[in-house]
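Input: a single structure, listed below in structure tokens.
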Amino acid sequence: MTRLRVHTSERSCMIDITPQVRRVVDASGVQSGICLVYVPHTTAGVTVNEGADPAVVEDILTHLEKLVPRGAAYRHEEGNSAAHIKATLVGQSAEILVESRQLVLGTWQAIFLCEFDGPREREVLVKVVSG
Amino acid sequence: MTRLRVHTSERSCMIDITPQVRRVVDASGVQSGICLVYVPHTTAGVTVNEGADPAVVEDILTHLEKLVPRGAAYRHEEGNSAAHIKATLVGQSAEILVESRQLVLGTWQAIFLCEFDGPREREVLVKVVSG
Amino acid sequence: MTRLRVHTSERSCMIDITPQVRRVVDASGVQSGICLVYVPHTTAGVTVNEGADPAVVEDILTHLEKLVPRGAAYRHEEGNSAAHIKATLVGQSAEILVESRQLVLGTWQAIFLCEFDGPREREVLVKVVSG
């Protein structure tokens, strides 16, 4: 298991962590298997989506805010319920194939940490299992 | 594979199953790997979110109901389409790292069975693979 | 790793790929483990939901369109932002247990490729790890 540290600088943002995950896969020496990318947080998520045009990330974040507005009436008193809800909608992990010692991503795919309650210092756990 | 039985007592609720999953990981003897927590149902899901303040769970369930209201117009005649849709939004599984024979969860993280069409007797399948 | 080819014939549709995934599991010879079903695309997803009544699939697709309408104002200029957002909500993979050389699915569960920007030729990657 490798623990990546990721700094997020806005309340809501998506950080492309593909290069860091690739390095972990490379260092693992695993020829073929599955790579698990996991956030140990409850107001952040992990997703795989387009990394080429930053407008896609903006559209995802803007639309999630429309679906789960920060200012709606929630019971949780820390004021970050919207971030918890977004985390459950997006999910806290991604599972990606490893073949020939490489992550198998589609042409346009990148792996993102999704911050919904930043700015913060976040961790991402990466594990490669062989099989 | 271990089959957990979970009783749900409301139409919509989230049941913290972390202790049961921990016991499966412990009994598996797996030193390092991935734990898969899976619901073999189509109107329930699995998520990882905050286990400390029950208001978070309430906010998640209330907001999911707002996004996917039970009373909207659906075609499926069993009347539980909203539950099917919520299941797809939340997802039917969680994948969690295992290190030193323990689940690696964040400080605030708990594993929840999400019931969207209860009350029912549900099953949760837990599998630990080594790697 | 096996690469399935899936033809989608509508803009939005869900294709039951359970038989193809079963064949990959069968051919893998893996006795016990985890099967990863993954789309290497950014405007498609994978979900597990009811395969018996096609009205469920229709309700899921119709409701996703309500939550993320194609015609809303987005920044991404290719005009398929809604598809990207749906992909992140649904997720790009499913993880399913394998026991006794068989996929362990619930009675009503089927595995679906979710097309959100078709019609297209899509790929689905399937990997079975033993453990």
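By written order: A, B and C. Residues from 1 in each chain.
Simple rule for what comes next: a residue touches a chain if its C-beta (ideal position, glycine included) is under 8 Å from a C-beta of that chain, and two chains touch if they have at least 3 such contacts.
Keep in mind that this is a model prediction, so the values were computed, not measured.
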item	value
Intersection of contact partners for subunit B and subunit C	A
Interface composition of copies subunit A and subunit C: same or different, split at half	different
Whole-Å gap separating subunit A and subunit C, where each centre is the average of the chain's CA atoms	20
For subunit C, residues that touch 2 or more chains besides their own	33-34, 67, 89, 91, 95, 129-131
Residue ranges of subunit B in contact with subunit C within the complex	1, 33-34, 36, 38-42, 67-68, 72, 74-78, 81, 84-85, 87-89, 91-93, 95, 123, 125, 127-131
Complex interface listing, subunit B residues touching subunit A	32-34, 47-50, 53, 55-56, 58-60, 62-64, 67, 89-91, 94-97, 99, 104-109, 129-131
